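Have a look at these structures, which come just after this line.
Below, chain A partners chain B and then partners chain C, in two separate complexes.
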Partner chain A sequence: MAELLPPGVNAETMAETLERFRQIVGKEWVFTGEQVVSYHDPYPISNDDTRYKAHAAVAPSSTEQVQEIVKAANASGVPLWPVSRGKNFAYGGAAPVFSGSIVLDMSRMNRILEVNEKFGYALVEPGVSYFDLYNYLHAHGLKLWLDVPDPGWGSVLGNALDHGVGYTPYGDHFMMQCGMEVVLANGEVVRTGMGAMPGNNTWQLFKYGFGPYVDGIFSQSNFGIVTKMGIWLMPEPAGYRPYMITFEREEDIAEVIEILRPLRLNNVIQNAATIRSLVLDAAISSTKSQYYSGAGPIPDSVARKIMADQAIGMWNFCGALYGPPPIADALWTVIRDAFAKVPGARFYFPEDRKRRPDILIHRAETMRGIPKLTEFNFLNWAGGGGHIGFSPVSPTTGIDALKQYRMVSGRVREYGFDYMGLLAIGFRELHHVTVIVYDKTSADERQRLDKLFKLLVQEAAAEGYGEYRTHIQYMDAIAGTYKWNDNALMKMHQSIKDALDPKGILAPGKSGIWPKHLRDGRQP
Partner chain B sequence: MRLIVLTVSTAFLAASVAVAAADLTGKEVFDRHCVHCHGPGNEATGTLQLARTRGEDKALLTERDDLPAAYIRMIVRQGLKAMPAFVPSDLTDAQLKALADYLTAE
Partner chain C sequence: MSSLVLPNAVISAADVPSRGWLACDYFFFDERFVEARRLAGELCGAIEPTPVQSDITAIWTGGLARADFTAPMTMKGVTTESFYFCLKILLVDQVRVDAQVSRIDRDLHLWTIRTDNHFKNGTVSWQNFSRLV
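So, the complex of A and B:
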């Protein structure tokens, strides 16, 4: 396939820009031609081979190099697609929304600049992975815990910017972010919050500084490039006790959520716990072909067989107790007694689980911040390797949870896929993440998935449910559902975009936000 | 791998990275990038899937002698089914050569 050029940029201009990038970062850190294959979306959905393809990639090693790259891109009009480590695989990986962009790959900016045990934080660059930070804490014997998402190779900074979640009491990653350094589209460097004050020593301790709190506009956005970020880390608790409660019937989810809400709001359930569906958990340790050779989703009889074999439920609630044993004992008594009201509920601690691999044994590590890649096992459920997340947010009510479950699972099964759902429990809401596993090598299956996904977005929006995060292919579609008051929020985004990045060189199309010269026909 | 430069007090640890890519041995590359999916144990995704699709005797990459170096390099750069590609900024060509040499060594 010929190398793609962004509209308005000719081959000569692109060549000159890449040559300038080589002068800035060194020729070995500009990747072109066949080298760009590694930056493609590993789990593509579109059957149009020209979409979501980068022209090249450039990998700086410092904030100063990022500044110089941005200035050169501004001069030439070549769009950049910044990624921290490019491991956001269910959402497009390192691939750009706008074909022909140059990936600004910050993997080499992987310095852990500071870890402060006394106050519980780290200051990191974009290329620092969860594995890196975990290994660092472990090597230095620091009594701090990470909060990790399921894939441990992702960027600590990038995951927080994309509003990723984990499973400890620090599970809302952007909530735990404190202080940023940002390179703007004109090459200027800004430090947010207390970092704006020379000589201040609370950059990673107090989020807000003085004046407008701006950190949020650099998350899921294309308004600047975050080159440093503070992240709060949890002090190692005096005790840790993971548990799992299983529920037998699909409709139990309504009662379970009603029981759960007050427990979470009152911090009796301390962590960002999860309720996971049968097939998602079964796929951690088995494949579909071990149980079912027919076409389409597994029938109920097969679901019951899996439940019996693996001692899991139709829903599985994984949580953990953190703190001194007397406190954990008291919390567990309340939790156990509350969920015992659900007929058929079963209670497990890790020592009760004998099968390997086992979902609780696996989650017990994740809920204490140990980075892993075990969750990738579910990609092999049906053998085709692809996956995407459909992630609407729901109030923590039984009515909403059951309604969303029936809406999404019904459509997913109608289109021939198994329902693999995860309800990540926030304080007042649920992230209902449905993972759709598909055969990425099948053009027919990708087309079917595309139709399904668009339908899910429409039907969820019609009921007032919005997604919190999405794949590069659906950013316009999701952004289009946040349209209250004649698209007032998008218009505000566009005003900010036009002010901060008038030439539109930073991540065109990210979160549905396009620069002025590319907006026609796409946005209000 | 990181070369840690420390300014240590009880509460403060400052660190920076500085390791040339070529400094990693093939085993170090494997332990950094591959072992989480292709190591031993009952949770390693790649090992489990290779056991299912190729057989138990071909499940562990470190015990195989049938993988050409060129094939290893291609899979790392292009990915295969569930396995995503590794970009050359994070796993350099020199590291990839070291990795392929390590996995194909007698």
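So, the complex of A and C:
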């Protein structure tokens, strides 16, 4: 396939820009031709081979190089698609929304600049992975825990910026970020919060500084390129006890959530716990063909067999107790007594689980901040290896949880897929993440998935449920659902975009935010 | 590069490319599947095949991440796709990689990954992966 050029940029301008990039970073760090294939979405949904394709990539090693690259892009009008490590594979990986963009790959900027054990934080560059930071803490014997998402190879900085979540009490990653360094579209470098004051020593301790708090506008956005970020780390607790509670019936989810809400709001449930569906957990240790050779979603009889074989429920709640044993014992008594009211509830600690691999043994590690790649096992459930996340947010109520579950699972099964969902428990809301596993090699299946996904977005929005994060292919669709008051929020985003990036060179289309010259025909 | 899809195919040692197939540094097989066990027995050559169950984490963090990549290395396997995919992505953070894969049934893939000694500084990487399947 011929290399794609972004509209408005001719081949000569592109060549001159790439040559300038080579002068900035060295010729070995500019990638073209066949090398660009690695920046493609490994799990594409679109059957249009021209969409979501980068023209080239450039890999700087420092903030100064990022500044120079941005200045050169601004001069030529060539769009950039910044990625930290590019491993957000369920949402498009390193691939750009806008074909012809040059991927700004910051994986070489992988320095852990500071780890402070006394105050519990790290200052990192975009290329630092969870594995990197975990290994650093371990090698230096530091009594700090990470909070990790499921893929340990992801960027600490990038995951926080994309509003990723983990499983410890520090599970809301953007809540735990403190202080940024940002390269703006004109090449200027800004430090946020206390970092704006020369000589200040609380950049990673106090988020807000003085005046408007701006860190949020650099998350899920295209207003600047974050080149450093502080992240708070959890002091190693005096004790740790993971547990799992299983529930037998689909409809139990309503009662479970009602029980769970006050426990979470009162910090009796201390961590960002999850309730996961049968097939999602079964797929960690088995494949569909081991239980069922028919077409379409598994029937109820097969679901019951899996439950019996693997000692898991239709829903499985994994949580953990953190702190001195007397405190953990007291919390556990409250949690156990509360969930014991649900008929058929079963309670497990790791020592109760004999099968390997086992879901609680696996989650016991992620809930203590050990980075892993185990979760990729679920891609094998039906063969074909593709996956995408549909992630609406709802209040923590039983009514909403059951309604969400029925809406999404019904459609997913109608379109021939198994329901593989989890509810990530925030303080007041649920992230209902449904993973749809599909055969990436099947054009028909991708087309069916595309229709399903669009329908899910529409139906969720009609009921007031909005997605918190999405694949690059659906950013416009999701942004379009946040349309209250004649799209007032998007208009504000566009005003900020026009002010900070008037030539529109940073990540056109990210989160549905397009620069002025590319807005024609797009909402609002 | 081959990305041949062979649903329900019966693969034997005689069916796979002969050049280099019996020489490798690691051979991984998914011990849960009869076909993987059979092919491991036929194709692993002189080395002891390593049983896995999809998850690459322990193999990687338990030693492979610290392997000496200064010399070219060949790894082969009959595994689920996620094992192959994760290994490939992890390796390209270290070295340049050439990969070939064939799907042999609903669950299993037969694959070869060869590394060379370019870009082994561990700082960058996966853009060196020129043959993503």
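Note that the second predicted complex is superposed on the first by the 524 of 524 C-alpha atoms of A that agree within 3 Å, B and C clash if a C-alpha of one lies under 4 Å from a C-alpha of the other, contacts with A are read in each partner's own complex, and residues count from 1 in each chain.
Criterion: a contact is a pair of C-beta atoms (placed from the backbone, for glycine too) under 8 Å apart; a residue touches a chain by one contact, two chains touch by 3 or more.
None of these values were measured; they are calculated from a predicted model.
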Which term applies to chain B and chain C once both are placed on chain A by superposition, clash or fit? clash
Looking at A:N110 after the superposition, I want to know if it touches chain B, chain C, both of them or none. Which is it: first, second, both, neither? both
For A:F119, is the partner it touches chain B (first), chain C (second), both, or none of the two (neither)? first
Looking at the overlay, does A:D352 come into contact with chain B only (first), chain C only (second), both, or neither? neither
Once the structures are superposed on A, label A:T374 by its partner contacts, choosing first (chain B), second (chain C), both or neither. both
Of chain B and chain C, the partner touching more residues of chain A is B
Check whether A:E414 is in contact with chain B, with chain C, with both or with neither, and answer first, second, both or neither. neither
Touching A:A57, do we find chain B (first), chain C (second), both, or neither? both
Touching A:L142, do we find chain B (first), chain C (second), both, or neither? first
First (chain B), second (chain C), both or neither touched by A:E188: neither
Of all the chain A residues, which ones make contact with chain B and with chain C? 29, 31, 35, 37-40, 42, 57, 59, 86-87, 105, 107-108, 110, 127, 131, 152-153, 287, 357, 372-374, 376-377, 379-380, 383-385, 441
Chain A residues touching chain C - in the complex, by the definition given at the top: 29, 31, 34-35, 37-40, 42, 57, 59, 61, 86-87, 105, 107-108, 110, 127, 131, 152-153, 285-287, 289-290, 357, 372-374, 376-377, 379-380, 382-385, 441
List of chain C residues in touch with chain A within their complex: 5, 32, 53-57, 60-61, 80-82, 85-86, 89-90, 92-93, 103, 105-107, 123-132
The answer for chain B against chain A in the complex is residues 2, 4, 10-17, 32, 36-37, 42-45, 48-49, 52, 77-90
Going by the contact rule set out above, which residues of chain A touch chain B in the complex? 29, 31, 35, 37-40, 42-43, 57, 59, 85-87, 89, 93-94, 105, 107-108, 110-119, 127, 131-132, 136, 140, 142, 152-153, 287, 356-357, 362, 372-374, 376-377, 379-380, 383-385, 440-441
